[in-house]
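Quick notes on the structure that follows.
For reference, chains read A, B, C, D and E in written order, and residue numbers begin at 1 within each chain.
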Amino acid sequence: MSNVSLRDVEIRYGASQVLDRLDLDIGAGEFFVLLGPSGCGKSTLLNAIAGLTEVASGTISIGGRNVTWEEPKDRGIAMVFQSYALYPTMSVRGNMSFGLRVAGMAKAEIAARVEKAAGLLRMTELLDRKPSQLSGGQRQRVAIGRALVRDAGVFLFDEPLSSLDAQLRAELRVEIKHLHHRLGATMIYVTHDQIEALTLADRIAVMRDRKIQQLGTPQDVYQRPANRFVATFVGSPAMSFVKGRIGEDGSFVAGDIRVDLSAYAFATRPVPGQPVELGIRPEHVARAETGLAGVIEMVEPMGADLLAWTRLAEAPVSIRLAAETRIAVGDRVRIELPGRHLSLFDLASGARL
Amino acid sequence: MLPSSVFVGLRQYLSLFSNERWQVSVANLALFGGLFIALALILGFALAVLIDQRIRGEDLLRSVFLYPFSMSFVVTGLAWRWILDPTLGVQKLLQDIGLTGAKFDWLVQPDRVIYCLVFAAVWHAAGLVMAILLAGLRGVDPDILKAARVDGLPAWRVYLQVIAPMLGGSFATATILLATSVVRLYDLSVAMTNGGPGIASEVPAKFVMDHLFERGNIGLATAAATTMLATIAAVLVPLFLWRQHRARGGRHA
Amino acid sequence: MITPYGRRPRRLTPQRIGLYAFLLITAAFFLTPLYVMVVTSLKTMPEIRAGNLLGLPASLNFEAWGNARSRACTGLSCNGIQLGFWNSVRILIPSLVVSIGVGAVTGYTLSFWRPRGGTLLFGLLIAIAFVPYQVFIYPLVRIYSQVGLNNSLAGIVLVHTMFGLPTMTLLFRNHFAALPIELSKAARVDGAGFWRSFGEIMLPMAVPIIVVAMILQVTGIWNDFILGLVFAGRENLPMTVQLNNIVNTTTGERTYDVDMAATLLTALVPLAVYFISGRWFVRGIAAGAVKG
Amino acid sequence: QRAEVIHWWTSGGESAAVAVFAQAYTKAGGTWVDTAIAGGPNARTAAINRTVGGDPPTAMQFNTGQQFDELVEADMLANVDSVAAAQNWDKVMPAPIVNAVKRHGHYYAAPVDIHGQNWFFFSNTVLDKVGAKQPSNWEELFPVLDKIKAAGLIPLAFSGQKIWERGLFNTVLVGQGGAAMFEDFWGKRDPALAKSSAFRKVAETFRRLHSYIDAGASNRNWNDATALVIQGKAGMQVMGDWAKGEFTAAGQIAGKDYGCNVLSDHGPAYLLGGDVFAFPKQKSAEASAAQIKLATVLLEPATQIAFSIKKGSILSRLDVDASTLDVCARKAIGWLGDTHAQVPANELLAPPAVTGAVEDVVSQFRNQPDMTVDAFVDQVVKAVSQPL
Amino acid sequence: MSNVSLRDVEIRYGASQVLDRLDLDIGAGEFFVLLGPSGCGKSTLLNAIAGLTEVASGTISIGGRNVTWEEPKDRGIAMVFQSYALYPTMSVRGNMSFGLRVAGMAKAEIAARVEKAAGLLRMTELLDRKPSQLSGGQRQRVAIGRALVRDAGVFLFDEPLSSLDAQLRAELRVEIKHLHHRLGATMIYVTHDQIEALTLADRIAVMRDRKIQQLGTPQDVYQRPANRFVATFVGSPAMSFVKGRIGEDGSFVAGDIRVDLSAYAFATRPVPGQPVELGIRPEHVARAETGLAGVIEMVEPMGADLLAWTRLAEAPVSIRLAAETRIAVGDRVRIELPGRHLSLFDLASGARL
């Protein structure tokens, strides 16, 4: 149970800079999720916190202690590696218990913990296999187990559930949540799974280009994305965008369509005529008799519901409908864009308005 | 040197086993082999690990540890002989500087001389073991080292408990190489002690060579050689069956 | 007390000092015989006879080195060891390439293609590795004289290849066996055949072990003289024959200074190899290949 | 005619000696192709393998003795009867040497030199210092040794390698036991003899000598032992006459700086060893002619004299004026006038297997002070009566 | 473009049997998705088709040719390995082009293809890196690229997008679909991502316990799961289940609740009194004034919408609601279960009724 804070941390691999004077404060016991496109530096960041990659500049402190120069073992962390990094010569049991044995924990206690972890990872009967005898997902579970058994102050998860099936993933999500409550440990969690991010996180950081784009609660990030990138990146099916400008009356104007923004909560007041971009999430597009007219161009069934694509002012816009909705390509629809759920971005900077 | 087609009866084996020099040779080989392989592996591994610590002048040090391997024993053996000889080497040196009590004459003590051979042999082979293990070490996936560091291991335990097991192949290679050099041990004994004092440092290979090439005693030589091969087979065959059995378990993916 | 910031400074921790200490002490121990050889090579014979062998020479005289290189008599010719140098090189290079090549291929075959009876063959090779090679000389001579390989470069190269095969195979087999099997799978899916996946995928990953193989073979081949003597023929005699003639005598008088100098000179080639080889001990050569 | 000779004379003095042969042969119109390979075993391996491989040298060196018997049996050697007849070897050479090259009545090798194996070399400086005169028999020897020991010097410089231990043993055997006993022991290998009291006496003397040897002897090369004598650190050394090479290299002169003698209680007994050149069968008649020519040249008096001076050996033929040789050599030739003094070295009498076996036992006996004479005798009996 | 068919294929690792006399026919040019819990044998199946694992018994034929004994290279396949299996000593470019070089394709052509693949994988500027210098996702993309450049008859994808961000994943999903159309090649695709499975697949096979549980179109599998396992496994958030029995009037009865099944399309008519289990997908639970009463016990925000948990006859049931719905733990709700969207399973066998 210890907070983690980074002060203008910079990390470079040879010439290329991966993290650029990053400042970050993660509260003790917080569940912190890192989102970001592949290659944006998430793992690097975790490695830096773990003390596995040297920072070029800046300081890292855990639990108020400056650990910038300390060995991983002195940082009180447990980590799930994106590449698993299992000990090939040890059995699953060996892999899980190794950290504990090193710490000199009592045999019985170790056995108990390993059993428990194995149980909730559904691999009790695999405990005596070698990693090379496991499936991809099973290996990943071993990697998770290796972290779960430890009681560290900070847990670092690097895409821990990426190759598990939805069901198991849901179950483990819950388990991790429980663990978090039980230990009250700080957890830093990298994932590409939106649901994971939104359900687990106390706070989410969205990274890109060596910087953090937005830092906030799941709701914030989802409903009030700080800029166009966050808007596109978070949420799937993704948000649709319509280019236009601010009309005299402060409403959004694009070609012949006009969207009322009176209900919109502006971050910064735009000036009339300013070129802007309007973001709409599929689930917020409502069908209404009196609304903007469109023609269905494509229909994607997605199990729970289906996604219909139409166009507003040349821009493709997706609409989420119930799976059983009777709708086909070519149908005309009328839709309504509820002002308070929209997002408005400055066209030039991409910043939220 | 020319093989004779004279039938070699069992009596050759009888006279072999009753041959004191042969008995001594075998005893020596056992002692020498055990000590030498163990020490060479340990020292070699230690060196490999230390060399691997991103130290300065790695190339130089590595060459230093390897150079003994580059020279034939004909002369390096002589050098060791001088160093260990009580009347020429270290003992003399110590006594010259006043430590008249200093004694270091294992080379001339029949029951100690074999350790001198081990000494020189380790000196000669450790570098090679280092090289083999170093090659293995460098192949280990860095992520696994990271994992070990996170698991809180002090460096030496990482090497002992995580990496060493992963180097099974390299260790096997090194061990077999050393084992062959033990069984074939000849030059060293010739160069350093020529089997002496007396027959105190005789070894089987030398026994075979001498009887084959210098004493033209093909019968005894072949008897000895056959015995050696039989022994080796007796060790190797089970080993292989075991490894094969283990190989079925699949390998690191 | 400075607050830690940025890159960890490379200061000497006690461990690191200890580490260097150990290395240097070991190095010192390793170097003692070399020291003896060098000082001896710089002494005059009377000085050596005087028996103070560990002491420094009264005065440096490099005469012995000159003699060893180009004047010492080995039988009638008095040209030192330089005589056979190029022969040695001419034997070394092809033997090195061929023996390592063959060993690599065999090892690769045994570990990735698992041919029927492969293990048996391997076991046989290992068993042979235990037999003193002198035993094979006579039969080989017989065979060679049949096929007329005697006294030819090809002959000696072949011999070195054969005698090198067990160790080389051992080295490479065990190295390849440690590589992730997925890689060969990927290669097969990519349609690469035996040679393609060997040459373009496995061999590049064997670089460190190739270095080891080189160390082994360079040393073995360079220092061998009995095989060269028997199989290479008069015009290809390696320099080690000269070396042996200088250092090895039963009833002739000895010149230790020249012996030492000659030995050191001969060792220069392997030593050079050792020194250079370092940069090919690459780190994490298979890193990033497979996940899990 | 081209003549390639494989020999192991590679040290400075030895090469000089070979040069004599080479020049002589060249003078006679041939071309000498020199293949020097240090170490008897190495040289022989190479030579024999080349013969087997169908590329025989013109001549190959052997130690006088039975080393080339197997080649004779394999019918790989050409005989040089013509030369032997022309130069009348039977008359001019010591019988043991002639017999050593004779098989089934044919001459299969040319004895190029004779080495005496049972020499004592004395450091005159040491003898003077301790006020002792050079002993001439075994009774006189021990007092001298004691004196030197008392003076805190090494009485007997020794090289503890098996071959020299055997050398010392032979010296005692022939010196104390006498020529007849020596020849019986090695030649007949009669166990009864080994059990005899005379033999036991020899053993005890050999054991007794051990107490005059220093600790460093075990792994010393023979020439390092010689060096001790040269340095005046040791009183004497027992060695073959090739040791003179070391003395010469150190600039010492026989008779002046160092003395040499053969100790014997039953009249002079000189252990005859040496080197011979054997001539593998050739394909071409021309090559065979070269062999004949070579053999002839090597044994011409002039060549022999010049060679012996360089080599430190004595001539293999006794019908030549040897006044130009050094003191020791002249002594030897003097003794050899008496055929009883001509004792064949053990290589001439026993097959290498036996020699080796006995060698091991002798070496043990010297290095294990707790080994009783009885045990020694038993071992010797076992060695000489082993199956071959 | 070649069909793949397996005839009672059995695969075992030593003692343990992984696939049990499996029969499977995949049409030429079909997009076939394999779903199944971690460790159920998906990768093994792909490896078998690729010829990388020996089958213990049975035959495999591709394009009508029996290839059971043939080398991978003679099967006309391209594969994305779950563990990437990149050539560590080759650059990204080298990795991607290797297969083509082996095939002896013209330099220019190769370059072009690699460029193209790199472009749509967003790694043009990484082409000269070594795998070890890439992030996890980037490595995975190299693995994909290596397959994409080939034109094989059969493509085998083993969780190809598992560690990519949602956005990239969506884009690549489309690209793969395009590739499928362009080449008309057969594609066998392992994934744990429901959306992927449902949007890409022509047909889906759900595996478990060495067997195929259901084989059908996405709609079938999602809307009419063949048994309880498939029902739970497919669809997230997962289906909720209520135990009960068939009433006299053929409706579902559990405790004091009763659900009308008149609209339900029965596979097999149940007998009255038969113990059964009722499956309801969260998105099918409708709020209605007149309906079953429940109390909200938990609320999970999931971005696009939120998941509310209540109880029917002791069984937890989840309801999907719009994200902005005002609802809190403790609220009373009335819900309605529309008969035609329900799934009914025999309690004993778990088979669909």
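Note that in this section contacts are C-beta pairs under 8 Å (C-beta built on N, C-alpha and C of every residue); 3 or more make two chains touch, one makes a residue touch a chain.
Note that the structure is predicted; figures quoted are calculated from it, not measured.
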Message: Between subunit A and subunit C, how many steps is the shortest route if every step has to go to a touching chain?
response: 1
Task: Check A-B against C-E and say which one is joined by more contacting C-beta pairs.
output: C-E
Statement: Farthest CA centroid from subunit A: chain D
Message: I'd like the Å distance between the centres of subunit C and subunit E, where a centre is the mean of that chain's Cα atoms.
response: 56
Interchain centroid distance [CA atoms averaged], subunit D/subunit E, Å: 92
- prompt: What whole-number Å value describes the gap between the mean CA coordinates of subunit B and subunit D?
  reply: 37
- request: State, to the nearest whole Å, the distance from the C-alpha centre of subunit B to the C-alpha centre of subunit E.
  value: 58
Task: Would you pick out the residues of subunit C that each touch at least 2 other chains?
output: 51, 138, 180, 182, 244, 247-248, 284-287, 290-292
Task: Could you list which residues of subunit B touch at least two other chains?
output: 1-2, 87-88, 141, 143, 166, 168, 213, 250-253
- request: At least two other chains touched by the same residue of subunit E: list those residues.
  value: 13, 82-83, 133-134, 136, 140
- request: Spell out the residues on subunit A that touch subunit C in their complex, using ranges where they run on.
  value: 54-59, 66-70, 82-84, 86, 131, 136, 139-140
Parts of subunit C lying in touch with subunit B, wherever the complex brings them together: 16, 19-20, 22-23, 26-27, 29-34, 36-37, 40, 51, 53-54, 119, 122-123, 126-127, 129-132, 134-135, 138, 166-167, 170-171, 174-175, 177-178, 180-182, 208-209, 211-212, 215-216, 219, 223, 240, 243-244, 247-248, 256, 259-260, 263, 266-267, 270-271, 274-276, 278-279, 281-287, 290, 292
Message: Help me check something: in the complex, which residues belonging to subunit B touch subunit D?
response: 1-2, 4, 9, 11-12, 15, 20-21, 81, 85-88, 105, 107-108, 110, 192-200, 210-211, 213-217, 219-220
Field: For the subunit A and subunit B complex, residues of the former touching the latter
entry: 47, 50-52, 71-73, 77-79, 81, 83, 85-90, 98-99, 102-103, 130-133, 146
Message: List the residues on subunit B that touch subunit C in their complex, please.
response: 1-3, 43, 46-47, 50-51, 53, 55, 58-72, 74-76, 78-80, 82-83, 87-90, 92-93, 123, 127-128, 131-132, 134-136, 138-143, 166, 168-170, 172-173, 176-177, 179-180, 183-184, 186, 205, 208-209, 212-213, 225, 228-229, 232-233, 236-237, 240, 244, 251-253
